[in-house]
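As written, the chain order gives the labels A, B, C and D, with residue 1 at the start of each chain.
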Amino acid sequence: MQYRPAMPGGPTQPDDSHLTPWSPLPAFPAHLHAAAAHIRLACFDVDGTLTDGRLYYDREGNESKAYFVHDGLGLKLLQKHGIHPVLITARNSQSALKRGADLGIDTQIAVGDKLASVQALCAQHGIGLDQVAFMGDDLPDLAPLCHVGLAVAPANAHPWVAERVHWQTRAEGGRGAARELCDVLLAAQGRIDAVLAGFGA
Amino acid sequence: MQYRPAMPGGPTQPDDSHLTPWSPLPAFPAHLHAAAAHIRLACFDVDGTLTDGRLYYDREGNESKAYFVHDGLGLKLLQKHGIHPVLITARNSQSALKRGADLGIDTQIAVGDKLASVQALCAQHGIGLDQVAFMGDDLPDLAPLCHVGLAVAPANAHPWVAERVHWQTRAEGGRGAARELCDVLLAAQGRIDAVLAGFGA
Amino acid sequence: MQYRPAMPGGPTQPDDSHLTPWSPLPAFPAHLHAAAAHIRLACFDVDGTLTDGRLYYDREGNESKAYFVHDGLGLKLLQKHGIHPVLITARNSQSALKRGADLGIDTQIAVGDKLASVQALCAQHGIGLDQVAFMGDDLPDLAPLCHVGLAVAPANAHPWVAERVHWQTRAEGGRGAARELCDVLLAAQGRIDAVLAGFGA
Amino acid sequence: MQYRPAMPGGPTQPDDSHLTPWSPLPAFPAHLHAAAAHIRLACFDVDGTLTDGRLYYDREGNESKAYFVHDGLGLKLLQKHGIHPVLITARNSQSALKRGADLGIDTQIAVGDKLASVQALCAQHGIGLDQVAFMGDDLPDLAPLCHVGLAVAPANAHPWVAERVHWQTRAEGGRGAARELCDVLLAAQGRIDAVLAGFGA
């Protein structure tokens, strides 16, 4: 792994050309490492998970919401490194559809039964629920969260969700929670060096 | 109450299939429990209560504002479990009207006298002011707050409001304050298990 | 001053019908009380002062920004109680013009020289610079801030401004800083009871 | 340097007409001062650096984002005082183009290889990479960050970036991180008095 070279006339740094890159795993519970290494499908709720839960209404009632650029990169990294990401929302959210399309990621909107949706995805990908990670923040996410191999909630999830998941991220929804899970999955599956190499680091 | 089953090859957890679900009541003042159990009508100011108080203006002066997805679910849960939610705003806010319509909730805009509005709702529902909860954050909410059975303000209410309510939520307006009151009302009326059962938990 | 009456069957509270209302003055430096009592004109920068400094650009480059509902009420209270509020911005901001119009408050946009603008307002109102409060957060506000009777900056003002004002609010720009100054001016001029009485409290 | 004059009837202050203005340098690592004094070109990533990383999607999928007014002034100050600022983003962001145009600053969008882009700018300006500052917050910024004379990340940069830069600002992206770097560059190049003089202070 390359590190920044010493600049002529610039700051000199200790020789850290062999820097061990940061890993999210030391902060991730040890008893969950095996589950994370096993994941092939990562499903994300949208409002409150990929967004901060704010629904912007204009005077005509058109709805906007804010996605987070770091989360988007995390989802693309999952895809590139062999973990299938999916957005699943109960709302009839055109913006979620567009966000998914921009990222090139499967997106399901107006989903009435998220658990059934996850089960169908498992059948389609030929995997078991134990190979699925699901991230959600409120009651409509409880059913899938209670049945997947890795159930994750953002830091600001509702208490009824927080007490039923395997792990809560340090970041809040729409502020890096999804990226935190992506990084954990990539790390647990030994992909950190490959990820960094893809960016010339 | 079901909890997440142990996953084959996944994390094992203590047998918590009989988990007692989280309740907001231990953090809610004991002397207010009876008042909360008595509420039939829950009225919410909009700007600063259901939103964070930000009014987004575009160059044409069109106004947008951000509602919070957790609050919306709380309002729908009240409705489903027998407490009537109403949005009441002094502003001529089309977005409030649309937000209320999306949630299927009564919404009154351009209200000049909020106390009179609450009194009319009481007459319509055949209840007394002691069966009304009102949540508001600034001076135009003082009149109804000073007359209802449960007067609540979000964490960031103006001091002149904060010193005149029965209770302040831990969450700020537009960031879960309304949901916190919804959860308290549902819990005080013994509806937590029914709420969770509705989501398969 | 009336306080919330005891509700039949509701919570009982100590008899606080003679509650002394909250005042911002104990937290406001004593040596500035006389200056605040003297103010007849209160000028507010817009971006970073009445907003949080965020400039929302859409793909066409149209600009939006977010005002704060509490600040708007503060500005209207000043006006009602004899202190003239004015918005002054260097930007050619249509949204500021519209926000001012919605509040019924004088608004000057595309102002090249804010000090000259304040001096002209003084001439128009027949007052001296010592009767002017100015609130601003960055370098274009320095000139007026260095010449008025009460120079105020929001909590998150730039250090070059913060070190040149008489007082910094606890609230940040666009999150109540302007309201905090409004409350101080109203309190210093003995208007708190009149303000509260206007809202039935 | 002029300070606020004592106001007749207003607050009196100690004679601080010779106030030494605030400098960001005491909080900036000493071993980086020489590198900062040497910078002629300052490149800024957009999403997460000049914005807080939020991508607002409306129902048609149109994207908005929020720039920070303090950062904009910092970029203009760099330009006025002889340091060339450039915005460089991998996204095909029309709003970045418009923001750059409003500030009168070079802006490159849809950049596939940011390091190549920086190298081309160096050739164009006849300077070396050691005279370049680059600020970025996520993996696509790693390549240029690892090769410039002053590599900077906002407070909330991804850990894989944070561990590879010379310095992290105290402010977050879109909340003053860029301004913090601008102030450091201006201070390191002895321009503080000239900056303040430009605003009549």
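Remarks
To be clear about the criterion, a residue touches a chain if its C-beta (ideal position, glycine included) is under 8 Å from a C-beta of that chain, and two chains touch if they have at least 3 such contacts.
Owing to the predicted nature of the structure, the values given are computational and were not obtained by experimental measurement.
Graph distance from chain A to chain D, where chains that touch are one step apart, equals 1.
Least step count on the touch graph, chain B to chain D: 2. Using CA-based centroids throughout, the chain positioned farthest away from chain B is D. Judged by shared residue numbers over all numbers used at their interface, chain A and chain B contact each other through mostly different positions, with under half in common.
Taking the mean of the C-alpha atoms as each chain's centre, chain A and chain C sit 42 Å apart. Our note on geometry: chain B versus chain C, Cα centroid distance of 30 Å, whole angstroms. Taken residue by residue, chain B touches two or more other chains at 56, 64, whereas all remaining positions touch fewer. If touching chains are joined by edges, the resulting network of the protein chains shown is one closed cycle, each chain touching exactly two neighbours.
A list of each chain pair in contact follows: A-B, A-D, B-C, C-D. Looking at the complex, you find that chain B touches chain C at residues 31-32, 34-35, 38, 47-48, 51, 53-61, 64, 115, 128-130, 137-140, 142-143, 145-151, 158-160, 162-164, 166.
Every residue of chain D that touches chain C in the complex is listed here, in rising order: 2-5, 7-13, 19, 21-22, 24, 56, 62-70, 72-73, 94-95, 97-99, 101-102, 174-176, 179, 195-196, 198-201.
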